[in-house]
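The next part holds the structures, each set out as structure tokens.
One chain, subunit A, appears in both complexes that follow, with subunit B as partner in the first and subunit C in the second.
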Partner chain A sequence: MWGDRVRAVLPGVAVLALLLAGLEWAVQAGLIRRVLLPPPSVIGATLWDLLASGAFVDPLLATLQLVFAGFAIGSLIGVLLGTAMGWWPAAFRLFEPLVELVRPVPKSALVPPLMLFLGIGFTMKVTSVALVVIFPVLLNTLQGVRGVDRVMLDAARTHGWGSAHTLRHLVLPAALPFVLAGMRISLGLALVLAVLAEMLAGEGGLGFLILDMQRSFLIRQMYAWLVILAVLGLVLNGIVAALERRALHWQNRNP
Partner chain B sequence: MLLELDAVSKAFPTRGGPPARVMERVSLEVRAGEFMAVLGPSGCGKSTLLQMAAGLLPPTEGVVRVLGRPITAPPPEAVYVFQQYSRSLLPWRSVRDNVAFALEHRIGRRAARAAAEAPLAQVGLAGFGDHYPWQLSGGMQQRVAIARALAAEPALLLMDEPFSAVDALTRLDLHALVLEICARRKLTVLLVTHDVEEAITLADRIAVLTPRPTTVAQVIEVGIDRPRDPVATRELPRFLELRHALLERLMTRHVG
Partner chain C sequence: MRAPTSGTWLVLGLLALWEASARFGWVDSPNWPPVTEVLRALWQDSVTGELPARVGGSLYRMAAGLLAGGAAGVAVGLAFALVPLTARLFGLVVEAVRPIPIPAVIPPLVLFLGLDDPMKITVVALTVFFPVLTNTMQGVRAVEAEALAMGRTFGIGPWRRAACIVLPSCLPYTLAGLRVALGLALVVTVVAEMIAGEQGVGSYLVLMQFAGRAPEMYATVLLLAGLGYALNRGFVALEHRAIHWWFAMGR
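Let's turn to the complex of A and B:
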């Protein structure tokens, strides 16, 4: 089992290692200017210092908190609104024009106006993240709720299930794969918006630090923070994927 | 009379054209305690008929009555067993929880789970409560659907070609199961099928449908004593006689 896993990821890891080694060589040989890209070994050492000193904790927590709060709020709104619109035609008619209007707007463009109203604090940043999270979750939930098998719904009716019981115990579980897929898409976008909002607000967090280091010509540090951000993205994605697998264990049926 | 269809018609709207009239003034009466089969060729509107009887589909014209009461929604007396049994089960629920489906909204999930064991045992699935539907064969999934219907303890069981998607041996098994259940409890059953032998084996009376627009051509008394054995019944002269008459009738209709 483990041996198989290792053998499966080995080629990909080899490509990565080769790429890093190539970069290292290219920089050392003077093909790439050091001021633009320090050798990976130097970035690694800087990263190690960051980790060892514990200086990474506060900015990481700030960004994590922002992504988590924005993701939770946005997902909640997306699921509630998507379910309502999928289940009650009246709710669909009520909200569809609004959703269609706001959905195509790149949410990054909404950060400057949000700063006017909400300032540059946590509220503005969370709102930006939540805004980008809502739509993929909402649309996927809507699709999932509408796609519930009619036969299943009729089974609930013939057994005398009420509307609330059907919604909670049939429609929502049936739509769950769609909801989770929407949340996985949203998570990546949440990270993008969190970093962007932090850069524009200039008040700390990983996004702010990456920009700040670049402006201060602390190029090694910039790359080190970038690596931390990449690992954060990787870990968050892994968590959501694991949750998805757990919740949808019944989908892993054999053909 | 437990169930009455009174001059029921059904037309489905079509794109552009006039509505498609599928069912034309169908009248049918099912007495309490009897097993009635509705026999008709594929696509003649058997599912449509049964769904109207179940209150799942409103008729275009006519009235459906259960215990003399006109119905517009699924009545508490009736439970429908679907032709597409695998789509009617909840794939994220274990077999036990799928059977608890029938009761949980009335007595709560915990009590419903406990009450699921008896019907599961009755259909021969004791010990499969923790399995998931996709881990079972088609015949076993259909048993789960039947156990779920039995758990609701309905007065009227409406079955839509419940055995058409399983192999011939499994079908005989399920026929034996249904005969046994009907002998044990006082159930009224309306079964829809295109299988002549199935109708004769199981039913007290058989309503034969015409092709579309569908009406009831004839209602036949089967007149074979109970208890019946699904294998031995097939060798009785009365069985062969009915089989001959019904097949001929359905086939000539089909060709003509």
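Let's turn to the complex of A and C:
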């Protein structure tokens, strides 16, 4: 099985390696100016220095903390509000116009107003991230809760299940695939907003560093931090995909 | 006209609270202008032509990026799905670029393309590329094998099969990808304008923030929300016209 997998990715790896080698050659031969793109080997060495010296830890943790705090707060609000709106028609009528009004606001455009109120610190950044996370989670939760099989709900009532019991043991498990799908979309957005907020607020974190390195013409460092950020994106995506598989192992409709 | 529900009252109540809190100084801050002030700023900046010119510029960059990224996404998606070898060769390169959060590609692109249109259009195109690529590939996989086999039986060549069978049946998927991409494209255009250069709505937003002109800043946010909403609505209408047969099949 491993042999098959290796064989499947081998051509891709070869092309990627060739591309890097080609870039290396083009830069060394002077076809691409070094100030724009240092040779990949030089970027690799800079990256290695960052990793070996442990200098990458603090900015990475700053960004991670921001993403996870915002993601947790936003997801919690999204799930709570989405469940309430899906379960109680009164809650739906109360909040639906507000949600529809705020949803189309580009959350990235809210960063400047938030900076006026909350300054450029952690609170502002977490709020921006949480805001972008809320809506996909909320809408998916709502859809999931509303999509619960009516027959199952009737069965629960027949068995004398109370509202809380039904929510906990029937509605939430049934809505879970939707909730998790919303969370996966949100996690990608959370990273985007975190990087943007860091760039605009200019106070540490990977996003700030990348922009700062470019403005200081520390181009090798800029690319090295960019690689670290890309790996972070890849790892976050992998984590949610794995979680989704684990949480939904009982649901093999889409393997 | 529907009767106003509790939700409508909630929205109106919040707006009234906003207005009152700013008017009567419950929230005493220069960053908290009354709603009416914001609307007036929106009206004024529209009349002077400042905002329409900036919106026009932003929309142009967005459209150009959407077109370029969409075309690239469809082309690569078709190639990956129809010729598996290309996916095996270049799939990894695409997957290596995908996880980079889009604001982070702006600094390196500034080095190559400068601060103006080419850089911003490229950023938008890059954003649009991925959802269109993914959906197009999904669409090609959903093409019915019988339809293709029938085409082959009737002696239709591979190019015509691609144009007359594959393309129409993956169109709904591609359009769905484009609809997602459209929302992202507007956001990313604004983000790129916020981070680099002095063009467009995004730059105006940051400019007003630095100038401490809160009404203009909120007016810009409001305008962007309206724009995003209108674009989405417009696209959905177009989509229904373009692939009415798809919706007619009850999907």
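The working rule: the second predicted complex is superposed on the first by the 251 of 255 C-alpha atoms of A that agree within 3 Å, B and C clash if a C-alpha of one lies under 4 Å from a C-alpha of the other, contacts with A are read in each partner's own complex, and residues count from 1 in each chain.
Keep this in mind: a contact is a pair of C-beta atoms (placed from the backbone, for glycine too) under 8 Å apart; a residue touches a chain by one contact, two chains touch by 3 or more.
Note that the structure is predicted; figures quoted are calculated from it, not measured.
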Clash-or-fit label for the pair subunit B, subunit C on subunit A: fit
First, second, both or neither for A:M152, with subunit B first and subunit C second: first
Inter-chain angle, subunit B to subunit C through the CA centre of subunit A, in degrees rounded to a multiple of 10: 90
Chain touching more of subunit A, residue-wise (subunit B, subunit C): C
Subunit B versus subunit C as contact partner of A:N237, first or second or both or neither: second
Subunit B versus subunit C as contact partner of A:L180, first or second or both or neither: neither
Minimum C-alpha spacing, chains overlaid - subunit B and subunit C, in Å: 18
Subunit C residues within the subunit A interface of the complex: 5-8, 10-11, 14, 29, 31, 85, 88-93, 96-97, 99-108, 110-112, 186-187, 190-191, 194-195, 202, 205-206, 208-209, 212, 214, 217-218, 220-221, 224-226, 228-229, 232
For the subunit A and subunit C complex, residues of the former touching the latter: 8-9, 11-13, 15-16, 19, 35-37, 90, 93-98, 101, 104-113, 115-117, 188, 191-192, 194-196, 199-200, 206-207, 210-211, 213-214, 219, 222-223, 226, 229-231, 233-234, 236-237
In the complex, subunit A residues that touch subunit B: 149, 151-152, 154-162, 165, 169-170, 173-174, 176, 248, 250-251, 253-254
Subunit A-facing residues of subunit B, complex: 51, 54-56, 73-74, 76, 78-80, 82, 84, 87-88, 90-92, 101-102, 104-106, 132, 134-135, 148, 152, 158
